[in-house]
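A, B, C and D label the chains in the order they appear, each numbered from 1.
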Amino acid sequence: MVLGPVKLVFRSFQTRNASNVSFIGIGQMGSRMVKNLLKKGQEVKVFDVVPAAASSVPGARVCNSAAEAAKDADIVITMLPTGDDVKHTLTQKQGILEGIPKKSLFIDCSTIEPKMAQELHRISTENGVRYIDAPLSGGVTGAENGTLTFMVGGADGDLKEAEPVLNKMGAKVFKCGDIGAGQIAKLCNNLILGITMIGTCEAMNLGIKLGLDPKVLTNIVNVSTGRSWSSDTYNPVPGIMPNVPSSKGYEGGFSVPLIAKDLYLAQAAALSCGTPLLLGALAHQIYRTLILQGYGDKDFAVVYEYLKGQSKNQ
Amino acid sequence: MVLGPVKLVFRSFQTRNASNVSFIGIGQMGSRMVKNLLKKGQEVKVFDVVPAAASSVPGARVCNSAAEAAKDADIVITMLPTGDDVKHTLTQKQGILEGIPKKSLFIDCSTIEPKMAQELHRISTENGVRYIDAPLSGGVTGAENGTLTFMVGGADGDLKEAEPVLNKMGAKVFKCGDIGAGQIAKLCNNLILGITMIGTCEAMNLGIKLGLDPKVLTNIVNVSTGRSWSSDTYNPVPGIMPNVPSSKGYEGGFSVPLIAKDLYLAQAAALSCGTPLLLGALAHQIYRTLILQGYGDKDFAVVYEYLKGQSKNQ
Amino acid sequence: MVLGPVKLVFRSFQTRNASNVSFIGIGQMGSRMVKNLLKKGQEVKVFDVVPAAASSVPGARVCNSAAEAAKDADIVITMLPTGDDVKHTLTQKQGILEGIPKKSLFIDCSTIEPKMAQELHRISTENGVRYIDAPLSGGVTGAENGTLTFMVGGADGDLKEAEPVLNKMGAKVFKCGDIGAGQIAKLCNNLILGITMIGTCEAMNLGIKLGLDPKVLTNIVNVSTGRSWSSDTYNPVPGIMPNVPSSKGYEGGFSVPLIAKDLYLAQAAALSCGTPLLLGALAHQIYRTLILQGYGDKDFAVVYEYLKGQSKNQ
Amino acid sequence: MVLGPVKLVFRSFQTRNASNVSFIGIGQMGSRMVKNLLKKGQEVKVFDVVPAAASSVPGARVCNSAAEAAKDADIVITMLPTGDDVKHTLTQKQGILEGIPKKSLFIDCSTIEPKMAQELHRISTENGVRYIDAPLSGGVTGAENGTLTFMVGGADGDLKEAEPVLNKMGAKVFKCGDIGAGQIAKLCNNLILGITMIGTCEAMNLGIKLGLDPKVLTNIVNVSTGRSWSSDTYNPVPGIMPNVPSSKGYEGGFSVPLIAKDLYLAQAAALSCGTPLLLGALAHQIYRTLILQGYGDKDFAVVYEYLKGQSKNQ
């Protein structure tokens, strides 16, 4: 394959440590990402609004505020639920801006609106701080194993500086374009994912109800035009693949509310540029219906179980 | 069912010719399939309701009726637009049943309702004829190059007998299960395809409108969870891949009415077993809307152009 | 209102009885319709494939076959589940055609495909029998109270003859056009109904979750542009109106599988003329999803309860 | 809440004038609303960011800033495109808050997010100003004729004070509940409207393509369960009703971008409370698709023309 206009994938094997790295947001994802930083020899100062969370990673230096964590940092990383959380953590009293040195690099790994990424960039720049957006994919498993994929938007020099640190937590770093481009790429990818998964569930359910062997159908699809990650790597039908959530009661994996959140962000972004998302809008609603029907703590492939239904009568 | 995930694809290299093969339905697909049979040394008797079509393949022996073509045939193959066409060709006056010898094999390669396949099987059996359904994928290009994929339903012995002939026209033969299973597998695969293509178009369009480079986005998606045949083999955005319809004005390829037909058949099959197809139903309507908006002669990836829109203002 | 090209609504007050009326299909609807015929002084011969059903109406003369019921009849009425049932009852051994006198009138009140109505008309005509399609709305309550609405397609003379009999079972008779037009009108009306009901449920649910008083919201909608039969006559929120299914546990009324059937027939009709039904297709799938989620025996307004959800968490 | 189903509509015939009324936002709607205020003897000070707009209403006193207009006002009314516009006009330099006297009443007639209404209320209250939300329906025609419907949220005393002024511009005032309730009621109503209109267009198009006379079908629907404002007052098929946009080339009326905006606000509100809007989401996307297909300056009933299609082939 001929790669695009810029050299797309670049994995650095530099091992030089940024002298000071801070990490804010020590939840399911953040705690595992910090563990990998520590494992690779990178010292880390951490902060979380929940003190117990901040103290959960042995070896990390716990701080009492975002400002304290950001103090003297060369790089400050955030991993937070929403764009508003990031903005708040940046600008509030005792927030990042009160501690972070001029010219340091702020890397936001949260999944947020592309427009908010641009706003965070503006605020950072006005305060003499460099900013890149670096949302990731790979989930809790990827965070645990250090195999995350980062999709990064920002200036080339900043990406270069971020790369060694990101590579300690993940396996791939993609340069997507300017500020916000990382967020856009992630949303577009997850938009396809959310739709294709439901389509795969609908078709597998149909074939099985009509009497096909699920493994035979999967094998045909996987070498045909219906092939996708949803069928060949993360098949939603229990028992087809041994180590995916569908074969473990739809536990773990990528939860329904998380894909619903990404599809919402895609909708919001689509609104901002007048772009229709017909299947995207319906997929979004289907995931939200699932939450209301009690599937909110399951992996998103549980759409299959939902479509299979509870009763046999038509 | 005997076959499991591994033993699924079997390509025979037998070259023994069935002494007599007849082919009914000499259209865009049928004419190319017959050419490949002839090229591999298989003599073929042909019939089409349009005499000019029947005479279009040099070297084939043209007959004046389906009955005449079927006379003395070991294998009769049909490639027709609809299930009703096949039934009519089978049962009408001067139809296949009036010519075909007892115990011969009738292979229907048309894409039809699974239920109709079962009815054709019943009628054939009542008349002492063996029947299998063998719909195919690969389109005009696959027919031309002899690289079609056949999805076959029926008895093992019959499949074994069909295999050498199918292999002269295609590259893969899948055993899907009992009578009708070939049709079901094809519909399920194309259901995923029809949905995933629209999802890919929606996401590519969104990313591009938000400023991403289409090649960069494609490269990211193709190694991420949004990966599918629609993005990595048949990308709908002009200029990403050189030899796909999207890069040739959406000419050739898999036309919008054909995917619409398959999604309709999927709907009908879903109705018969009380299975919901939420995205499938909407995808079906989107393709039908495209036909009404004047895209009826384009490749189905033209959804991208449709979503891109005619005016810039929102 | 200025009425359309033909005099649309005509209610006859003629009381002359057709000497002989037969009724085939004595189910939930048929039994009540026969009772009203009897009540208005019309003698009726009845037949049902289930003998117990046929005997369930005191005063009707039970026959042992459709042919026997049709013998000597001036008018034969059918009220059956599907188009195939009607065709079978007409053409089978001991079917209507074996008994009905030439020139008698066959009135089919079943809801079936418009194309099937045309086929029944053709078969009837070939056998010297006159045919009209006269599907109805109003449900079990309308059948009980004799307030059904009939939508009739066929020749003017035949309609005129049918009218006095239909008026004994219903309150309104609409001439819709040629053969099949009654079916088409019914499907179009119920297509709007199925969509509008879901839209009303979505909006009522939204308003209530956001804190509005359901009665206040209903009152506003009912005098505004959101007004419809679904909100002002059959409100889906429990407690707004006293005597509708939503206020009685969604019992009785118009069941989910029945609206799903009508939306399916609308889809099939739309396919036949290449017309897209975007919301119609999705509405159809939503009702079918409800059946699978265990709402198959409830009134179709139960969509409100479904959307309200089982859990409170987002 | 005190109000029940009957006491809902209250139209005041008080004619006492608020001594000082100011109106900000003199566009298509605002200019007509001001004219009606003047016609009923109410003096008005006006402001618009476009000076030419502010000067367009003879008899109104033009001010140079929102602050100047608000000075000494008992009541300040805003009619602006978005919630952000209202907030800006309220809080900016030379904005309303710099001029409006303490305890005066701020009435926002714009259609905005319910949450923004609550924020505007908070800001107003913190500055000693009373606030109610009073979005309206009725469009340019209603503004012209003084027949608007206002849906009002806020404290009872404030509503009472607003009523005489609102009644000079409209025909109905609904109390919907607390702050934001006016916005919620409007969104819920327009959500039903947007869905029902498309459903009506789909069904009318289907019936007409199948051969029904559009007037006959309309007449049947309008006395049946498919009845709604979209069919009986604003029929989308040209030629059915003389004075609606569909009979005037879909000019005037309620433009596609405006219904798309309302459906977007409904989506955003639904997201905030985890409520699914399945048909609502799809309806939203359909209107946005129409904008892209070049229907952005037409009345929203133009969905009928879009579904009818450009080509006849299936």
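Here is the rule we use: a residue touches a chain if its C-beta (ideal position, glycine included) is under 8 Å from a C-beta of that chain, and two chains touch if they have at least 3 such contacts.
Remember, predicted model here, so these are calculated numbers, not experimental data.
Engineer: Looking at the contacts, which chains touch chain A and chain D alike?
Structural biologist: Neighbours common to chain A and chain D are B, C.
Engineer: Which chain pair is joined by more contacting C-beta pairs, B-C or C-D?
Structural biologist: Of C-D and B-C, more C-beta pairs in contact link C-D.
Engineer: Tell me which chain's centre, taken as the mean of its C-alpha atoms, is farthest from chain D.
Structural biologist: B
Engineer: How many angstrom lie between the centres of chain B and chain C, each centre taken as the mean Cα position?
Structural biologist: Whole-Å distance between the two chain centres: 39.
Engineer: Taking each chain's centre as its mean C-alpha position, how far apart are chain B and chain D in Å?
Structural biologist: From the centre of chain B to the centre of chain D is 51 Å.
Engineer: For chain A, jot down the residues that touch at least 2 other chains.
Structural biologist: Those would be 274-278, 282, 286, 289, 291-292, 307, 313-314.
Engineer: Once bound in the complex, which stretches of chain A touch chain B?
Structural biologist: 1, 3-6, 8-9, 114, 137, 149, 151, 172, 174-178, 180-181, 184-185, 187-193, 195-196, 198-200, 202-207, 209-213, 215-221, 223-231, 233-234, 266, 269-270, 272-280, 282-283, 286, 307, 313-314
Engineer: Which positions of chain C touch chain B when the two form their complex?
Structural biologist: 264, 267, 271, 274-278, 281-282, 284-286, 288-289, 291-292
Engineer: Residue numbers of chain D touching chain B in their complex, please.
Structural biologist: 257, 282, 288-289, 291-294, 296, 307-311, 313-314
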